Structure formats: structure tokens, C-alpha cells
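Pasting the structures here.
Both complexes below contain subunit A, partnered by subunit B and then by subunit C.
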Partner chain A sequence: MVNEYRIALAGNPNTGKSTLFNALTGLRQHTGNWAGKTVSLAQGNVEYKHKTFHLIDLPGTYSLFSNSTDEEVARNYIVFEKPDVTLVVLDATSLERNFNLALQVLEMTKNVVICINLIDVAEQQGIQINERLLTNRLGVPVIKISARNKKGFPLLLDTIDRIVTGAIECNPAPMTYPPMIEDKIKLIEPKVRELVGNEISSRWVSLRLLDGDETLLNEISKRLVPEEG
Partner chain B sequence: MGKPNIIKLVQGEKGNTIKITSLNLEGVMRRRLLDLGFVVGAHVEVIRKSPLGDPIAYRVSQTTIALRKEESSRIEGELLPNGE
Partner chain C sequence: MSIQDLYTEAQALSTAELRDDVVQHLYERSHKLCHEGISYTKTKRDTRTEKLDAIFTSPIFGFPIMIVMLGVLFYLTIAGANIPSSILAEFFGFLEGYLTSLFTYLHAPDWLHGMLVLGLYRGTTWVISVMLPPMAIFFPAFSLLENYGYLPRVAFNMDRLFKRVGAHGKQSLTMAMGFGCNAAAVISTRIIESPRERMLAILTNNFVPCNGRWGTLIVLASLFMAANFTGGIKSLVTTGVIVGIVLFGIIVTFFVSWVLSKTALKGIPTHYTLEMPPYRKPKIFDTVIRSSLTKSWSVLVRAVKVAAPAAILTWVFANIYIGDTSILMYAVEFLDPFGKMLGLDGYILMAFILGLPANEIVLPILLMGYLSTGSLTEVDNLVDLKQIFLDHGWTWLTALNMMLFSLLHYPCGTTLLNIYKETKSKKWTFLAFAIPTVLAILVPLIITQTVRMFDLM
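Showing the complex of A and B:
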């Protein structure tokens, strides 16, 4: 599996994930089941510079925390199946809304590329986006694309390639919370780390536990805690 | 500058714009509404009411979202003068 990498596509509904997936894989998709759930995710391959990128098209959601099945599937894939890179596909005409999910993903995992899609529509509407500024602020590559017009693909593929080879290092900008919350994180994070090790971000798990996310707790017990006996 | 007119989202009339001041719900329901863009400070436009008055469609952060009464009656905001 040395030259094979898993690349997940996440994003709000209707932002062009499947269009991007189909354009990159040339529609060579098949579906598979993941982690005991009967939700099927489209998968397809892209060959690039002697590497195979396995693309996984996750369900479109506004969030990864609201406990719908789609959100659980997308969250579990990103957190527990740990793709090598996660592409977050945003709608360039609706960035404020779309960044909710993008910021959630940046708290969960490190290797993220933000794809600002529908850039053709945004340009028609006179919307200008400074992707360099966003890259600097977010600490991960931000790339403007048009999935329908196949615009921005060379840079996107090259960026994925550089991340998996280690030529680019992603450093998602840390999100800080009010002192009341940060204090509680400090209190529980060491214990959380004992449980999840370095497999999952202990800060992120701590935040989810403070938010009372029981589905995550159940998932962790199922997957990470060794069975007795 | 009069006293702000605070109403519940469910009381808004078609065409009204309401700036959210508080969400009086907890747990999953609160989380879901926050994720849909119903955050304090957001401007929400009442798009249309259905024949039975439930659900009501709102425009928030460039997307139209329908809320049930249980939800829209627990979100409060300032009714903005027309044209804002």
C-alpha cells in the first residue's frame, strides 16, 4: 500500500463533491460499505505521479455534530478511518455558511485541503476570494476550483501529492474558546489522551465530551476500548 | 432609536428581517439550529408561511431553511426596520 492513499471528500450538501469526484475519477466509481453501517460511499481511483489516490465521497452535511446518520458516517470516516487527506469542498458563493463545517474538520484532523468550488459562479457574481490570505489564516492549503469546468485540478492534485509525500505540512490554526471552556479542556484532556492515545485528537474529543456528545463516546468505546476477557 | 422590538421568530411576518438575540433550547436541537446558521447576531428573513403556519421558511446565511414551530418559537430576535 506504499503508493496508495485515501482521500476523503467532505462538505455541505450541494457544493459539488460528487461533480469533483466524478471529474477526477472519470466516473470509475464503485460503492462500498463502511464500519458496519449500511450507508454506501462512492469510491474511485485517480492515478497521479505513480501514486493511486482512492477517493471517498462522503455524505454532504452542514455539520459533523448534529447526530444524523449522514453526519455520523462522515465524522466516523474522518476520525476513525483516518484518510490520508481530507478535501473539504466549499461553495464559493456561500462561504460564511460553508466554513462552519470546514472549521469543524480542521479541529478533527490535520491533513486538510480546502477546495473553494463553484468559483466560476462566484466570479460571475463579483465575489473575490483571497486564497493566500485564507491559507495563511487557516494553516492548510486553500485552492479555488471549478469542478464542472475542471478548473484548478492540476494545483489540487499537486497539493494532495505534496501532502502525502510530506513536502507540504498542514498546521491547522488552533481554535481557542473562552477561558471557562479552555480550563475544562485542560482538566480532562490528559485523561482523554490516556484513552485515545495519539490516534485521535484528544483536544477535539475533550471538546465533544464537554458538549455531551454521547454518540462519539459510544463509538470510541466500540472501536478503541479492548473487549474484556 | 427606539427600544428594540424583540419578537419570536415564529411571530415574524413574510418579508420581515430579524436579528437573532437568543436561542432558548438545549442539546441536539440547539446544536442543529446553530449548525444551520441560527446563531446570535445572524439576520434571518421570513420567506413564507405554509397554509397551516407550520413549518415556516427562513433565509439565513444564503440558504432557505424551514423550521417547525417547536423550533421557531424558541428563537428570539430584534425585528429590524424594513430595508435593513
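Showing the complex of A and C:
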């Protein structure tokens, strides 16, 4: 068990997330994401340096505000199932929209690797990405890959490996909101921490509570405080 | 302290704009990251999309461009369909002569000739000659815009308006679908995740005219609204009227959405991301020509399938007498006082009631109703057609009211069935029927009474 780790794949639809999943695991299966349907998650294994990475392909979503079942499934997995590493797959040709999701994931969990996919297409279009600068700004590794051509896989696997062994530590740069929102977070966060402990990010939960996310409420009372029943 | 209490406390602190502020901040940070971490070398294609977007989705030009596009689309449809329509009508009229001779030659009984030729044949050929040419133009032109990538921009423009009335921006996409077919559009509302917003989209979809109603709208507009104009200007005026009718339908959509979101379907619109595909050169053969041909064909087949039995039924009703009045006339006379109040007449209401299965057959049924009672004129072209209406006391007001009634009235049978399947609720299906019906009665009523009061006729 010590050498087994769970790696979740998150990302916008059509970013090549499933292509990456298939290329890494060698599984040829497709996950459908049709709103309103029960979502089943595809899983597959990768062996690397005597370790087993269990890859979980989360549904493709644009955000994690639990607008839909897909978003809820993806969010619940990242927050409550606590994968060892969450891989956020971004489309290099439309990064601005894609970063939105990455930033949301960074608010929820610490061990994140940002995978900028379709880098070959982006370079054809003359888009140049400075991944070092992005790594610095975000506080987590940013890696350029091309899932179709299996480019960048060694570095990606090596980075995952070094995160799970503790060789790299991720320190996501926190999102800061306008003072009006920050003040409210400050008011509520200590009480949230009392309740959820260090299990999940109390700052993130506070923000969700302020946002009026009732589905999260049910999830928390179901998963975190069952003894109070 | 339980999580529920914390939630209540958080909600007391929170404001309605919090979500928007949070999202805006995420986007600002994304933008900043991209600004710092990405550089572009040869970005011709990208800047082209950006430049076009700056025009098509601009706060100033966005809406005028949209209305002009709509206008051009309708103008092409109306102006282009005129000639092929009358050619088809003439051709079918020519064939009818031969059919009649054939029936006389075979010594077929009069009722058989009446039912098959005057009822079935006329009704269905009418549908074909009035509807096929506009569809053959409208569908390719519409898919051209769709293929080019303009429709998502329309949705983007409309988004803010929909949000303001408490509905979801994606409703503009289901609305666009409704121009083709309301029944299909009701199913397409599945793209809206929130049940509340989806219900709004379902209940208001009917206010965009589907292609079954285009025929009615275009024929009436060109016969009555642009009567004093000739040539190119005539088509232009007709287009103006049609655009006006469509815009009115959209305004009603907003109004009904707003009222519902304040009453029966209270709530705040949810956030969503609309993906803008790049502008693409449309694939002329693959998508535009082939898809619109199949679409036109399937719509036509459906129309004829429904129109044929309805045509026979109408003819039978018009020709079975109880005493010295036909069944049809009983119904017409019964509906007439109410129809007159709305500036319509008993025949028109009868046609809409019998037209419940499909909007395509309303106009043919109306004509058959008129023809079965008056002198049997041969309808070879649109001028003769207008004479039939005039003989039954039509004015521009009748035409306007019928257009509005057609725009606003209850959804067709197929659409209602789909609404029931999608909502699984009799209550909402009934509302989907009742809201448009009430509006379709109120609007012509108000217009007619106002016109009469001020003696504008």
C-alpha cells in the first residue's frame, strides 16, 4: 500500500484529458460526460519507479462551483477523497479560460500539478508559454506536454513521483479577494476550522458557505461529522 | 456549532453579488497570469477571432448587427421564395385540372373528387408550395451563420439580458433552436443544468416562431402588410414586419421569463461559461447543403403527413350537413363571436384548433374552410389567395392579429408531448399550454379594441 498513490485528473472538457489518461494508462476507454447522468469515473494504473499510480479520470468541467452533477462529482473527489496528487489538464491554446479551473483546484487542495496540454498546437499558433514563471506565480509545478505525441511524459511522471515522495513541496499561492470578501472569510473561517479540522481547507469551505453552496453542506454533514448523527 | 448553523451564519453575512465577485476575481487572476506567462509570435488567426468578436459582441454594435443579420436572413428568404412559390402553386394548379378531368373521365362520384382533390390534394400542395421555397433558403442561410460561428456570439450578446430577467444565458441557444422547431428545442433545454432555469426555457420557447409558422407569417405579411408596395420594396417591408414580429416574440420571452422568475420560479441565475469557438469557414457542401436539404425534407414530410389527414377531415366536416348547416359551420358560428372580439373570425380560431397537431396546417385548413363555403376559386397564385381573404372581410388588422395569434398561441401537439416527457409534470405542461394561450388572446384583444376605439380603421 505504501507504494500506491491516487492521482486525479481534472480539466475543462476537450482539453485532451482523456487522451492523456489513455496514453498514460494504456487503457482505451472513454468517459462520457452528459449532464444529469450518473457519472462513472474511468480508472487505470501507471507503474513508475516501483510505485503504482492509480489514475482517476474526473469528468471534464469548466468550473467547480457545483452547478452540475459533473462539477459536484469532480469537486467531491478532489476535496473528500483526497487524491495524493491532482493533475489539472489545461488547453494551451485557450489558457485564460482554463486557468480559471486550475485556480479553483488550487483553493481546494495542495498537491497539484498543472499540465499544459496541446503544446504542439499552441506552438504552431505561435503561442509561447513561460512555464517557469507560471510555476513561480502559482506555487505548484507547471509542465508542458502533448498527450497526443506523448511529449513531456517523463518529466510529468517524475514530478508526480517527487511530490508523493516529498522531494517537492507544493505551496499554492493563495487567491486573495477584495477586502469585503476577505473580511467575511475571516469572520467565518475559525468556526469552520473547528468543525472540519485540517481535513479540508477551511478557507475554501468558508468561501463556499458564503457563496451559498448547499450541496457542499450535505456532503460535509454526510462525510465529516457522521458521529453527531 | 453544526455545519447547518454555520451555513445560516455565512448566508447572513453574504451578498447576492458574492459569486460574481469571486468569479470576476478568478478571471482577473487568470488574465494576469496569461498576460505575464504567455507571449505570442505569429498570431494572425487569433487576432482575427478577437477582432471579429470585438465587433460582433460589442456593447454598441452587437445588437444592431444581430437585428440586421436577422433582417438579411428573412429578406433573402422572403424575396427569394416568392417566385419559386408561385411557380410551384401554378404547377400544382395546372396538375389539378388534369386530376379533375381524370375524375370526370372515370365518372367518380362528386364526394370522392371533393375529398381527394379539393381537400387532400389542394391542402397538401398548398403546404408544399408555400413552405418548401422559404425553407430551402432559410435553412442553408441559417446553418451558414451557425457554421461560421456566429450563433455562440448571439448567445453571448443575449446572456446579459437573460440574466437580468432571471433566466439562463443558454436560453438564447435553445431559443435559436426554436426557430427551427419548438419540439426539438424543448429537448435541447437539457443543456441548462438548473431545473428552474430549464423550466423557464421550456415555458417560453414557444414564443419564437418555428418553421411551421414561418409559412403563415410570411404569406400574411406579404399579402397584407406590404400591399401598397411593389417590387423590391415590397419584400423589404414584409421583412420589416417579420423582424418586428420576431422581436416582439423575443420581448414576450423576456417578459414572461421575468414574471415567472419573480413568481412561480423564483431564483437567481447560475453562473456558466460559454465557450466561443473560433470563426471558421463554413463547409459548404457537408454541413450547409446536405444538412439543410435533409432538414427541409423531413419537415416537409412531417407537414404533409399531418396535413393530409387534417385536410380530409376538414373537407368532411365542411361537407357533412346536419339540417342545412355543415358541422364545420356549426363550429365556426359558435367560435365567431369570440373570434370577432379578437379581430379574428370563427374560421381562424377553428383552423388553429384543428391545427393543434402541427402549425404547418393552420393556413391550409383556414383556406379550405373559406373555400368550402364560398365560391370555389382556383388558387393559382398569391393574388387569388388574397381575394379569398378579402371576400371574408379581412383587413390588415385581421392579418396582424392572426400573425400575433400564431406567434403567441399554444405549442403544437408534438411540443406539448415533449414538454410532458421532459418535465414529467402535468402542471407544468398545462402552464406551457395556458400561458401562451392567454397571451394569444389578450394581445389581439387589446390591439383590436384599441383600434376600434380610436377608429383607426
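The working rule: the second predicted complex is superposed on the first by the 214 of 229 C-alpha atoms of A that agree within 3 Å, B and C clash if a C-alpha of one lies under 4 Å from a C-alpha of the other, contacts with A are read in each partner's own complex, and residues count from 1 in each chain.
Convention: a contact is a pair of C-beta atoms (placed from the backbone, for glycine too) under 8 Å apart; a residue touches a chain by one contact, two chains touch by 3 or more.
For clarity, every value in this text was computed on a predicted model and none was experimentally measured.
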Check your understanding: Quick one: subunit B and subunit C on subunit A, clash or fit?
Key -> clash
Check your understanding: If you stack the two complexes on chain A, which partner ends up touching A:67: first (subunit B), second (subunit C), both, or neither?
Key -> both
Exercise for review: Mind working out whether A:171 is in touch with subunit B, subunit C, both or neither, as first, second, both or neither?
Suggested key: neither
Review point. Which of the two partners, first being subunit B and second being subunit C, lies in contact with A:221: first, second, both, or neither?
Key: second
Point to revise | Residue contacts on subunit A - larger count, subunit B or subunit C | key: C
Practice item. Could you say whether A:187 touches subunit B, subunit C, both of them, or neither, answering first, second, both or neither? Key: second
Check your understanding: Thinking of the overlay built on chain A, is A:211 touched by subunit B (first), by subunit C (second), by both, or by neither?
Key -> both
Check your understanding: Can A:198 be said to touch subunit B (first), subunit C (second), both, or neither?
Key -> neither
Check your understanding: Should A:96 be classified as contacting the first partner (subunit B), the second (subunit C), both, or neither?
Key -> both
Check your understanding: Which one hits subunit B, of these parts of subunit C: 37-45, 199-207 or 271-279?
Key -> 271-279
Review point. Shared contact residues on subunit A for subunit B and subunit C?
Key: 62-63, 65, 67, 96-97, 100, 211-212
Exercise for review: Report the residues of subunit A in contact with subunit B in the complex, numbered from low to high.
Suggested key: 62-63, 65-67, 93-94, 96-97, 100, 211-212
Check your understanding: What part of subunit A is in contact with subunit C in the complex they form?
Key -> 35-36, 62-63, 65, 67-69, 95-100, 103-104, 125-131, 133-134, 137-138, 175, 177-178, 180-181, 184, 187-188, 191-192, 194-195, 206-207, 209-212, 214, 217, 220-221, 224-225, 228
Exercise for review: Would you pull the subunit C residues touching subunit A in the complex into a rising list?
Suggested key: 1-4, 6-7, 9-11, 13-14, 18-19, 21-22, 25-27, 29-31, 33-34, 36-43, 45-46, 190-191, 193-194, 270-273, 275
Exercise for review: State the interface residues of subunit B toward subunit A in the complex, per the touch definition above.
Suggested key: 27-28, 31-32, 35-37, 61-63
